[in-house]
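In the part that follows, the structures are each spelled out as structure tokens.
Below are two complexes that have subunit A in common, paired first with subunit B and then with subunit C.
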Partner chain A sequence: MKREAGLRMVHRDLIEVCGLNSHYSGRQVLFDIHFGIPDTNITVIMGVSGCGKTTLLRHMIGLKRTRPGQIMVDGQDLGKFNEEEMRSYRRRLGVLFQSGALFNSMTVSQNIAVPLKVHTRLSDETIQIMALIKLNLLGLAEFGAFMPSQLSGGMRKRAGLARALAMDPEILFVDEPSSGLDPITAAGLDRLILELRDTLGMTIIVVTHELESAFRIADRLIVMDRGRILAAGSPDEIRASQNERVLQFLERKADTAEVNTAGYLSRIKGNEITRSGR
Partner chain B sequence: MTRMVQSLGAAILDQLAHLGRMGLFLVYMIRGIVKPPGKLWSVIKQIHFIGTKSFFVIGFTAAFTGMVLGLQGYYTLAKFGSEGLLGSGVALSLIRELGPVLTALMVTGRAGSAICAEIGIMRIDEQIDALECMAIDPYSYLITPKLLAGLVCLPLLTAYCDVVGILGGYLVGVDLLGVSPGAYLSGVENSVVWKDVYMGMVKSLGFAVLMIWICTYKGFYAGVDEGNFGPEQVGRATTNAVVLSSVSILAADYVVTSILL
Partner chain C sequence: MMVQSSPENGSLREGIFSIQLHGPVAMATVPEIRKVLLGAAKKRAVKEIRIDFSRVSRLDTSGVAMLVETWRGLARRGGALRLSGLSENAKRLIQLARLDQIFEIRDEAGSGIENGS
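Right, the complex of A and B next:
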């Protein structure tokens, strides 16, 4: 344990989020987020829908503009990246979006070939084979010639992951991998994520609200609620957490109705005042 | 009072930001011409979509426009006993004005709306984000091929529209109304000079940029301002794109004419 702590001291986190605030058209959605993502680890960001997980992810992949000093990658400031630096950072990334984000006008294997065609000078034949290897990895080998619209939601997501892995990225971001998947496919995907870490040493960041999957794969868990981090730590540390909201989330309890009417009214009015004040 | 000034100021700032973003979009779109990835194949695909597939509809529009010009022109010219000028009238109005404008409007309606919807769907489905995450410039990869295809297709379609329109005028003027074929054709030949053709071509190139710019821009930013990425936003973006493109084409037509005349 001590040795691990020592190692962590020497080993700087690959991505450090330090005091990230984020707004959507005037409404603040992330409040002073601090955490680090160590390399060759699986970090799972968990929380109820709408708690800001996806926004956080979009900041880390540079799709939402970040102010200088709020996210560091390899000790360099993501907020200050110029176009070229951002491009070379993104070439290290693979991203699986919630919807899979496959290009509708191309077949599945053409989709996977896109990054290879743009970034490499490989022959078409080699690219074909590489696409097939990735598809096979995700159990989709026979669906290469299908259009995305002919696939089920789960298959589309797996094809999206195959495309994210096409360039063998160093860092993999996965948004809701198992939502909409049957338990068997979801478990297969979890196993694949673990394999990617173990065999290729990938740093993987998974955003999810599926508890079972999160605890199965995570080296480190981050629990978010209403734009703030509630708890962060190893799965065991999170399980031992005494935080009321964390417990509620882990035990899958619905929000209780507010009993205190006066408190309820003032909270709603308070919200109203802040909204009109903007 | 303060609130009024405040909201007015906010609206003006909003519009300025919007215009700035549109300008930048144009710059990125043009810059994409020299940026990787290579786009020969995608340009050819877009030429097929914007150009080849518009062939029939443009021919149809041009034939009927030429025919109605023949009819109206004959009626007006007959009042002065100068039916012989029908050829010049039809050819000049088509080559200088109607050819480029009608072609651009028809292509906007047929291809511009589809382009906007296609890019809008890519936006709401995170496909454009996915491109960016693959370190692929979405402008160069998606938008520029459409611009290049537009620049190839519109002048050619305009020329085709002019020719079909003149033949339509011939059909009505000569075959139905009895103008002498020699008078019609020599009217065309004598009155049309290089400057007229040049003006039509300049217009069609300008309209191509305008149409592609507006339609792709509206699709690219579908739902971004609302912060809501749904099918409704794509529908609205497409409507806006077609309306704005058509109006801008007509306005630009006036400006270009007044400069080149």
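Right, the complex of A and C next:
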């Protein structure tokens, strides 16, 4: 981020997705995706379940192979990273997976300490204090000695975020932060995500289908549908969208199911499935 | 790794150990800076440590944790840790960790560091 004359803050794109296509078992799930992630901003990628947003996230964090030229990080081609470059990139990232992904055989504090012990030369005492600072940030200062199984779903999610923050990442990816949380805990997590941007200047990418949360935290929103980007812009620009599918998503209108009655009945009857019923 | 703070930078006068840190105070540099600060905090003659952050480019959580360790070493003997010249971001990080309640923070850069006042 740099400050131009007149105090306007200009954000550069830390990550650029340029024409990303993705496949699972030969089936295409992402189609020619283009967008940029501005630094020190919160970018929210939203869309209904199965629209491809988690696949997109997996590409951006290097968990799914990306072809050269399709994702650039700081102008460097992610698809051409060698092992060392990928390790170095991942050290800049914090990732909170939907499940929280904590080690069940370790206490919450030990979970947070893992990346610090692996990647730094910090003393055990420094690491212990860092873990306590992160836990306090997430309202879990009293729970460092607990095992993950002793925590509620919301607390596990917060503990997962504490671990994602262990290395003071420059870029934080969060997959469905609000899923399975009560509204108060979800709002608290949103507030924390905003604080991380404001206090630590983190670049944050959140994947969610929760509308309220998305509009509460986003500087920029990307709406996906069936592997494509339907709309991208500020929350106000997305609210003003006239795209039918965007409106349907924002107004939470159910899809009119395309039911193949003939195929269904054929299966019920145990008949050989016709070509049209597949 | 570049550590720009060294024991030579610190000075002890009338029970006050003063040091000015330079560059990033972050995971790569904290192990070396920590040796200097904890070494000073252990000395009986040191009643107070003053750290000038006005030339620090970045403070991360490992740096804050190191300050807690230093404070612990001093507090056992009734000593104090005084910080000055912190950037707004560094101050916010310390506030977010609620440690502004235990560190003594002065706004003006270098205040009390050079002249021992």
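Just so we're on the same page, the second predicted complex is superposed on the first by the 244 of 278 C-alpha atoms of A that agree within 3 Å, B and C clash if a C-alpha of one lies under 4 Å from a C-alpha of the other, contacts with A are read in each partner's own complex, and residues count from 1 in each chain.
Here is the rule we go by: a contact is a pair of C-beta atoms (placed from the backbone, for glycine too) under 8 Å apart; a residue touches a chain by one contact, two chains touch by 3 or more.
Note that the structure is predicted; figures quoted are calculated from it, not measured.
When both complexes are superposed on subunit A, subunit B and subunit C end up sitting side by side without clashing. Contacts of A:I61 after superposition on the shared chain: subunit B is touched, whereas subunit C is not.
Contacts of A:Q98 after superposition on the shared chain: subunit B is touched, whereas subunit C is not.
Once chain A of one complex is fitted onto chain A of the other, the partner contacts of A:R87 are limited to subunit B, with no touch recorded for subunit C. After superposing the two complexes on chain A, the angle subtended at the C-alpha centre of subunit A by the centres of subunit B and subunit C comes to 90 degrees, rounded to the nearest 10. Applying the stated contact rule after C-alpha superposition, one finds that A:E212 touches neither subunit B nor subunit C.
Legend: residue contacts after superposition of the two complexes on their common chain; A:V114 is shown touching subunit B, with no touch to subunit C. Greater residue coverage of subunit A by touch, when subunit B is weighed against subunit C, goes to B. After overlaying the two complexes on the shared chain, residue contacts for A:Y24 are found with subunit B alone; subunit C is out of touch. Figure legend note: subunit B and subunit C, brought together by superposition on chain A, show a least Cα distance of 15 Å. In the superposition on chain A, the residues of subunit A touched by subunit B in one structure and by subunit C in the other are 167. Listing the residues of subunit A that touch subunit C in their complex gives 120-123, 125-127, 129-130, 133-134, 136-137, 167-168, 195, 198-201. For subunit C in complex with subunit A, the touching residues are 26-28, 30-31, 34, 60-62, 64-66, 68-69, 89, 92-93, 96-98.
Residues 36-37, 118, 121-122, 125-127, 129-130, 132-136, 141, 227 of subunit B touch subunit A in their complex.
Against subunit B, the residues of subunit A that register as touching in their complex are 24-25, 58, 61-63, 87-88, 90-91, 93-95, 97-99, 101-105, 114-115, 117-119, 160, 163, 167.
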